[in-house]
Structures are given as structure tokens and as C-alpha cells.
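As C-alpha cells, here come the structures.
Shared chain: chain A. Partners: chain B in the first complex, chain C in the second.
Entry: the complex of A and B
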């Protein structure tokens, strides 16, 4: 651990949530264009969070403030880990911890919608975590190391060795970005049956912090996806943007699935593909 | 001096247990249990300060000790046979007879094995198990004092059966210490069989029909384990004339030879550690009083199975037997985690999760590299503290509300806040970085790099475990307010719970150093490779703790918002006026997805696959 690593980690800590915010803005602009609307300005998510920060609203549980802050710290830490070239597997576990805290906060809330959202969030984690883990294991095997630097320093894109993890990664991106057809735990449109699901009980400043944590998560997930073509920074950015664009298109053309379909059909298929890719790497 | 400490650790609990039987009063019993706990803790630390070392204490090295062990090889199966005949249980009879036949073969037809060079060898692995027994075991015995008093009040027994209970509990601690320390296969087998006996007696302690049935099931499965163990020992005796464990686990001894004896012993370990398809006995063992589940069936006795596997691990590295053993463990990790997901019985969740973590350790043993073995031992120690804590918490909450169903434990934080928060912390310690269970899992995943299938099983089991524990903790947190007065307190219930909590978190934080202590000198840098992440993560965890506590203290007294229910609040508590103008009553429940995680179908299919893998373990060694 030298000073350079430290600077990189701090840069990751500050830039990652900003990038995630930009992604959220871009998401809204692109989605609006796809639906032939004008849409809000690119910076709208930042304005939203700024306004939320100023609101003081009675909490739904005594514990939520604590869980929200733990979730934020874990999400930011996973970005810093990745930026400093840390172990990608550990980065995954830290990021998963953040999701656990969000669910715990929702469990300790008092609205039934919040609790049903938490239960669904758990099923989502059950569906995407194994796929994501196996995808990372594939990347580590193909790149020859578990640390982010060895995944980012290849001379050849990993994509050609790992074609079968692409559906799995796309599934993970859709779940983590809370996009249709997998916006199961926190439905994006508040008139749906679970209201805002796992987010129902979060309000005001707590919700603003949670939004920042979500941005940090989005950056981590897209960043890990960009390892598929990590021959240079521009290529990585392009890979991340393409992934994002595909996710947005799918979001706009699909309706929401139930957690049963996700857990019984989508997750097994993408896991089997990713696992097949892993075995195949060993047979080479 | 070491000899005296070893004597204290092995013999004193036996003496104290017998004293419990003679002095039947509760005061004398409490004093004896507390004194034993203190003595074991002090003795354990004293021995640990001198490790690694070898010793030849008279009571374990002399010819008399070997004779006693040889006699036990007949007496214990004879007792099992007697029980089998009494209950007319065919499997127990068959396996007890098989054990007797094996003992007779070893004794009368084969030349006696050479005595071990050192009767006691203490290395990192035996030290780990011994310290777990001394500390976790003592704390659980303390907890058992108020628990059993309450338990018997509840059962309204005319004559207290606690003297016999504490005899077995305390004697068990001594036997486990003997097992961890002994370096002679014959002594080891004696201690191994006597833990089976303790488990049998304690599972059947309540004498209900269910308890009897579970005890017999545990007996036949563990007798089968005994047959496998003795089979392995006799093959080694025939082939090499050896009984010295350290000499047996030298890889050069086995170069080019069939690993069948070791596969048999490893399979015995799998039975003891309740790996698929032998999960049934550990599940049935949950009918016993909770301190028994915590002590035998989570913290210590089932660890014997993984202890054996880890002991053999250096020989298994890179062999087919090792690879299959890794698959056996990883598969159990996955299958039992899935079965835990579909459970609402809190003790069964803990039982399945115990098997899962034991499976992970067995997988580490199958990999067999120094890094994997160290990860396995770290998991062994931290799992004992964490799962022991969770068992004690569930036992305490069960006595407070009279149910062990997760649905009834909803919102326990408002009924028994200390215990519920400790349980929540324990559940979180099972899954969160930078604590030891997660770090151990991470190290195991990276060490499994040679086995893609095992890695996929581990990935699945990991996600299932995370979800299961968050749901468990979330259900306990249930959304009621903080600061409610606890229902009942006894220093001897909350004291051990808090001490176990401190142990679980403290050891969890100490994982990198524990790991470094267990690695060979050239690898022994606590922060080598990926472990370099740990110090910054500790700092981060501290910062998170401080920030979180500040938020809690700010919000802890805030007036809460009315729940958002999508309707108008009604005058009746827990209900609201919703669609159609009707009064809707709110109720909650966890989805257990029985169509995916149903226990019976998993028991059948995963049990069959587990049996196939175990057969492959033995078959692969023969070929």
C-alpha cells in the first residue's frame, strides 16, 4: 500500500458517485428520447438529491439512519477498492454488504410495502449474486489474477474468452440498476403494487444518501462490466456506455417479471452459461 | 509443566462431571461448572502460550493408556450394540457388530502398530480445536446452568436430571480436549467414539419419543462413521504398522500408494460433520436442549469431522481423493444453504447453516494447499464463536416466548432487546466484510482456483447464505422501537451471550493474524496479497460504526412517521381502511418459496447426489 494507491482510492471515492449520478442523468435523458419526450436536464439527479438533503422528515424506524450510512460507506468503499486496484472478489462482497444494509433498513421500517420490497430485494440478491460471482471468477481466471489491475491491464479484450458471461452480466446490470424487467423490489413507478418497495420508508436526507449509494453501486457494476474490453480507458468507457445503453433499451421495451420467473428461469440460465464459460476456461 | 496442563484439560472436566453426579445440589453444580470453565480457559491459554510443542504425559503415553484405548474399541461398540438390541434398531446393530469385528481384527489378527513417538502433538490445528473447546465450551456450559433450570421447570420433572446432564456435558469437554491433543490413532479413535456416545446420550436427554428416535438415528449414522474410521485405521496398521498421526499425514509416505485408508477416514469425517447425505442426524439432534445443540452440534463435536479432514489435508493436496473431497464439501455448502433458505424453524436454519459452513471447511481440506488449510482453520474457529452465539441467542429467545419459529421471533427486538441484537449481530457477522466468516469464504473461493465446479457451488452457497442471514436478522429487527425493558435476565444467560458476541466479532476482526499464524513461515505475512486490503477495511468499518452510532443516537428518540399503508389508519391497532372501504388487517410473513427450497425434495435429490460423491470419494481412491 503506497501513496499512489491511496490517491487512486480517494479519486475513486469522489469520482465514482459523481459518475453514477451522471449515469442516472444520462438514463433519464436517453429514456425520455426513446419515449419521444423532452426529459429533464442531465444534471437533474444532482438537483433532486440536493433538494432531498434539505428535507427533514420523521424516520419510519429508529435504525434506518444507521443502516443508510453503513450502506453508503460500503458502496463508496467498493468503488475505492476497485479504483485502487484491489481484489475484485472482495469488492463484490463489500458491495453486497451495502445491499444487505439497505434491506435491513427496509426490514426495520414500519410500512408493509417496505418489508415486501426487502423480501423481494433478497430474492433479487439470490438471483444475481451467484451469476455475478461466477462472472468475476471467469474474469479472474482469464486475466490471471483477482486484482482489478490485472483485469485492466490485458493486451487482448477478455470478451473473446468470456462470451457466455455477457447475458449474465447484463442480467446483473438490469437488476442493480433497478431496471425493467427486474425492477422487482423497488418498482420504478410509484403507482405499482409495491409503491416504492424497498425505498418506501426512506425519506429526506436518508433517502438522498441512499441515492448516492445507488450511484456508487451503478459505477461499480458498470466498471466491472467494462473489464470485458479493458485494453484502454476509452475502450472501457465505451464498453460501459454500450452496456448501459443496452440496459436502457431493454428497460423501455420490457414489462416487469415476477420474482419467481427471475429466480426459476432467468437466474439459472444465466448462471449455467457463466458456469459453462468457467469450465471451458479450464479445459483450454 | 505442560504435562500438568494437559492433565487439567483432559481429566479435570471428567472429575468435575463425576462430582456433579455425587453432589446433586444446584449450588455445588454451578460452582463446579464455573470452576471447570475457568480452569479450562486458564489451562488452554497456558498451553497455547507454549505451542507448538510435543509432550508425553503419562496418562496418554503409557502402555496402560493404550490398553484402555484398545479396551474402549470393544466396550463402546458393545454399548452401542446393547442399545441397538434394546431398541431393536437394525442399522445400529449391524454397524456396532462391524465395529466389533474391525476391533477384533486389529487386535488379534494384525501385528500391533508401533507406539506413537509423541503422545501429544500440538500444532495450529489442534490448538484451534482445543481453544474452541476451552472457551466456547465453557461459555456454553455456563449458559446451560440457568437454561436447564428453566427447562426442567417447564417440563415439571419430579426428580432433577441435571446431574447426569452436566456429567456428560463436562466430561465431553475433557474428551474433546483429548481428541484435539492426542497423536496416537488408537487414543484418537477412543475419544472419537466417546464423543458419539456423548452426543447419543444428550440428544436422548429429554426422553420423548422424538428425542429417542433422533438419538438412535444419530447413533447409527455415527456408528457408520466409526466403521469407516476403524476401517481406515486398520488398513494403515496392516500396510505400515503405524499409529502415529504425524507420521501418517506425511505426504512422502503415500507417494504412489492407494489413498483408500485416508479416503475412509475422510469419509468418517464427512459423517461426523453431517455432510450430505448424512445431514439427517444433525437435524434430528436439534430436539436436544439448546446448550447441547450449541456445544456438540455446532461449536465442537461436529468440528471433529472437519478436524480429521484438515489433519489429512497435506496428503490430499492435488490428489483425486482431495479433489473429490473438495466437491463433497462444496456441494454440501450449496445444498444445505438452499435447504436453510426454505426453513422457518430457527434451530433448523442454524443446523443447516452449520452443515454448510462445515462443508466449506471440508472443501478447504480437499484443496489441501497451506493457504486453503489455514483458511479452513480460521473458519473453524470463527464459526464456533459465531454459531455458538446464534444458538445461545435462539435458545434464550425460545425460552422467552416459547417458540423457535422464525415467524414467531418477528420483532423480538422489542421483547428481549439484548439477545435479539446479539443475534442480529451474529447473523451479520456470518456474512459481512471485514469479519472472519466472509474473509474465510473469500480465501476459500480464491484457494479453490483449481476446481471450477467447486467454485460455482461456493458462489451459489454464498449467495444463499447471505440471503438467509439477512432475512433472519431482518425478521428479528421487525420494526419495533428501541429501549424496551427486557423480559428476564440472568447474568449467566446474558454474560455468555455477550462474551460469545465479543469473541465472534473480535476473532472475526483478528482473521488476518490468525491466518498468518497458521501459515508456514515463508507465507506468514498477515497482509500478503489480497489480505493487504484488511487494514484499510478495518479502519473503514470503525468509521462506519462511529457514523452509524451517531445517526442512531440522533434518530433513536425521534418521533416516528406513521406507517405508509396505502389506506386510512383505522381505530383498531394493526389494521387500516383500504380499498372497497373495508377494514384490512395487516399481517406479515416471510416467503420461504417451498416450491424451490422445499426440504423433502432437496433431501431426496441432494441426498442422492451427496451419496454419489461420497461413493466417488471411496471409489476414486480404490482405482
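Entry: the complex of A and C
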């Protein structure tokens, strides 16, 4: 590891959550415009986190604070790994650890909604993790290496070699952004049957830290999606923004599915398509 | 600078929790109308949340009676501090036409401290939004003193 890698990792550590916050702000503005509303300012997610930071409330369980901090560390570590050009597969595993910590924190609370949300989070992981894994394997095979720099240094877009992983990646983005129809564990909108699902018991500063961890996760997922057209920084940014916009449109036009449909239908179809793409790459 | 950002954030991000304390639904409909594209309270960073642990402002409609007083107090106690309470409509402010009923305690302030009262039967969405802004100005003054 040279000094350059270290600087890149630090830049990823600081900039990735900020970018994730901007994505969350953009998400709220675009969603509002799609619904003929004006929507909040772009910086609203930062105000929300600032507000949560200054709230005083005892945690639902004394374990929660520890799990939240581990989740934040894991999410930021996945950002730093990706920014430093590390192994994308490792980044994916570290991010999965972060999701596990959030679920464990939710299990340690008292609220039944929190526990249902945590169970659903585990179902979501069961559905999207294999798809994401095969998609990354496809990218690595097409790019010739597992490190992020190999995937970003191609002269040809990977998309033409990997058309069948696009539905799978979109599924992963919808789940990780907690968007309909796969907003199953956290139910972003109010007054649903699980209140805020996995987030119900988190409050105050813990909730703010989880929000920052979520921003970091969103950045990683959109960044990995942008590898599909990584012929230059602008192309990558455009790919990430297009992916985000498609996710927001799907969120606004679809109702929430049940976890059964996700596990029985969506996950197998996405997985089969991605696996077919992988086989095709090996046979080529 | 970070401290002033945190104080500003508390004013710019009020998350509402709406509790129907035995309202006729008139004030509830007007409260939810604030979320529609016509009024769009999300412009001010306001979100309607269903979880008291995430709420900053408790919006209560309807009269308080002997059965729901406990629930109202319970919800109020679960909210993180600092918190605001807004009583909506004639019933929320004073018990309205039901104030003489044997099971009715009266307005919301019989159980929990109320920061802003919104009269009307039902209260207008504009008045409800104005109440939130007034409440936040009150919170801002408290934060400045602190």
C-alpha cells in the first residue's frame, strides 16, 4: 500500500457519506417533483441527521449503540476499500456485515415491529446477496480482475458483455435504497404495518449514525453499478444517476411486494439471469 | 459551527407524529391534507412519522377522554426531547362541544403540556402549518437561550 492508496481511502471515507447524503436529498426532490410537489431542499437529509444528533433519548437496548457503531464502521470501511481500488468482492462482504449489525441491533430492542423488520432484513439479504455476488463475479470476469481499478480502467463499457446482470443490479439497488417494491424491512413511508420496521427502535444519535451508514452503503452500491459504463468519470457519474433515476421511477409507480414474492420470484429470476451471463462469459 | 448547525437542524427538520385522540376525523383529514401536493409541508422538511421515538412534534386532534389519556401520555413520554405539542381544533384545544360529557377530560392540555393551540372546527391546513412554524419559532428561542 503506497501513500496514494491511503489518500484515496481517506477521501472515500469522507466523501462517500457526503455523496450518499446528496443522493438522499436528490431522491427526495425528484420524488416530490414526480408527485407534482416542490419537495424539501437538497440539503434536507443533512438537517435531518443534524437534528437526530441533537436529540436526547435513552436507547431501547444498551446493545444497540454498539451494533450501530459497528454497522457504521463496516459501511465506511466498504467505501474506503472501494475508493482505494480494493477488492470489490471484499467490499461487498464488509457491506453485508454492516447490514447484519443493523439487524442484530434491531433484534436487541423491545419493539415487535423492530424484530419483524430485522427478520425481513435477513430475508432481503438472503434474496439480494447471491444476485449481487454473481453480478460482481460477472464484472470481474469481464474486466479481468476483482479490484476496483481493473473494473474502472476498461476502454469498452462492461454493459455490452453483461446485459443480463442489469435486472439483478436494479433489484439490489432497489433493496439497498429501501425503495418500493422491495422496501420490505424498513417501510420508508409512514403508517404501514411495521411502522419503521428495522429502524423502529433506533432513535436520536444512534438513528443519525445509521442514516450516515445507509448513505455510505448507497454510494457503494451506485458506484458498483457505475462500473457497467466505466470508460471515464463522467460516464460513471451518468450511469449512477441513470440507475438512481430508474430506481426512483420504479419506487413511485409500484406498490410494495411481500417478502415471499421477493424470495420466490424476483430473487430466483434475477439470479438465473445473472448466472446465465456468467456462464456465457466463461463459454465465450 | 457544528453546534450552530445542530441548532439550525432542529428548526429545519420537524418530524410530526399525528395522534387522533377521539376526533370526528374532520381535523385528521385537514392535518393529512397538509401532505398533499396543494400544501406540501415537506417543503419545510416536515415528515409525518408513525413512530413516537422519531417524532419531534406531537400533533393531537380530538378531545381527551379517560381511556385515551393514558395512551396520549405514553406517546408523549416516548418522544425524544426537545419536543413540541400542537393541539388541533376546538376539541383538542378545550374539549369543544364534548367538554361536558361525563367521559371527557377536556382539551389536550389536561394531560400533557401544549405549546401551540389551533382553533377551528375543523382547523384549516394553513392554520396547522402556521402552528408548526409558530412552534418552531418558540423552540428556536428556547435553543438560543440554552
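Here is the rule we go by: the second predicted complex is superposed on the first by the 284 of 284 C-alpha atoms of A that agree within 3 Å, B and C clash if a C-alpha of one lies under 4 Å from a C-alpha of the other, contacts with A are read in each partner's own complex, and residues count from 1 in each chain.
Keep in mind that, in the parts below, a contact is a pair of C-beta atoms (placed from the backbone, for glycine too) under 8 Å apart; a residue touches a chain by one contact, two chains touch by 3 or more.
As the structure is a prediction and not an experimental result, all values here were calculated from the model.
Visitor: For the overlaid complexes, name the partner, chain B or chain C, with more touching residues on chain A.
Guide: With both complexes superposed on chain A, more residues of chain A are touched by B.
Visitor: For A:279, select first, second, both or neither according to whether it touches chain B, chain C, the two together, or no partner.
Guide: Once the two structures are laid over each other on A, A:279 reaches chain B alone.
Visitor: Looking at the overlay, does A:57 come into contact with chain B only (first), chain C only (second), both, or neither?
Guide: Both partners, chain B and chain C.
Visitor: Which partner chains sit in contact with A:192 here, chain B, chain C, both or neither? Use first/second/both/neither.
Guide: Touch partner of A:192: chain C, not chain B.
Visitor: Name the contact category of A:28: first (chain B only), second (chain C only), both, or neither.
Guide: The second partner, chain C, only.
Visitor: Applying the touch criterion given at the start, work out whether A:213 contacts chain B, chain C, both or neither, answering first, second, both or neither.
Guide: Once the two structures are laid over each other on A, A:213 reaches no partner at all.
Visitor: Which partner does A:201 reach: the first (chain B), the second (chain C), both, or neither?
Guide: Both partners.
Visitor: Does chain B (first) or chain C (second) touch A:90, or do both, or does neither?
Guide: first
Visitor: For A:68, is the partner it touches chain B (first), chain C (second), both, or none of the two (neither)?
Guide: It touches chain B, and chain C stays clear.
Visitor: Indicate the residue numbers of chain A shared between its chain B interface and its chain C interface, in ascending order.
Guide: 57, 60, 195, 200-201, 203
Visitor: Quick one: in the complex, what on chain A touches chain C?
Guide: By the definition above, chain A touches chain C via 28, 32, 35-41, 44, 46-51, 53-57, 60, 190-192, 195-196, 199-204, 207.
Visitor: Inside the complex, what are the residues of chain A that reach chain B?
Guide: That would be residues 1, 9, 57-70, 73-74, 77, 81, 86-87, 89-90, 93-94, 96-97, 100, 103-104, 106-115, 118-119, 122-123, 125-126, 129-130, 133-134, 137, 141, 146-147, 195, 200-201, 203, 260, 263-264, 271, 275, 278-279, 281-282 of chain A.
Visitor: Show me the residue ranges of chain B that touch chain A in the complex, using the header's touch definition.
Guide: Residues 341, 428, 431-433, 438, 442, 445-446, 449, 452-453, 455-456, 459-460, 462-464, 466-467, 470-471, 473-475, 477-479, 481-482, 530, 532-533, 535-537, 540, 543-544, 547-549, 551-552, 554-561, 563-566, 586, 588, 590-591, 593, 596 of chain B touch chain A in their complex.
Visitor: For a test of understanding, state which residues of chain C touch chain A in their complex under the given definition.
Guide: 5-10, 12-13, 15, 37, 40, 42-45, 47-51, 53-54, 56, 79-82
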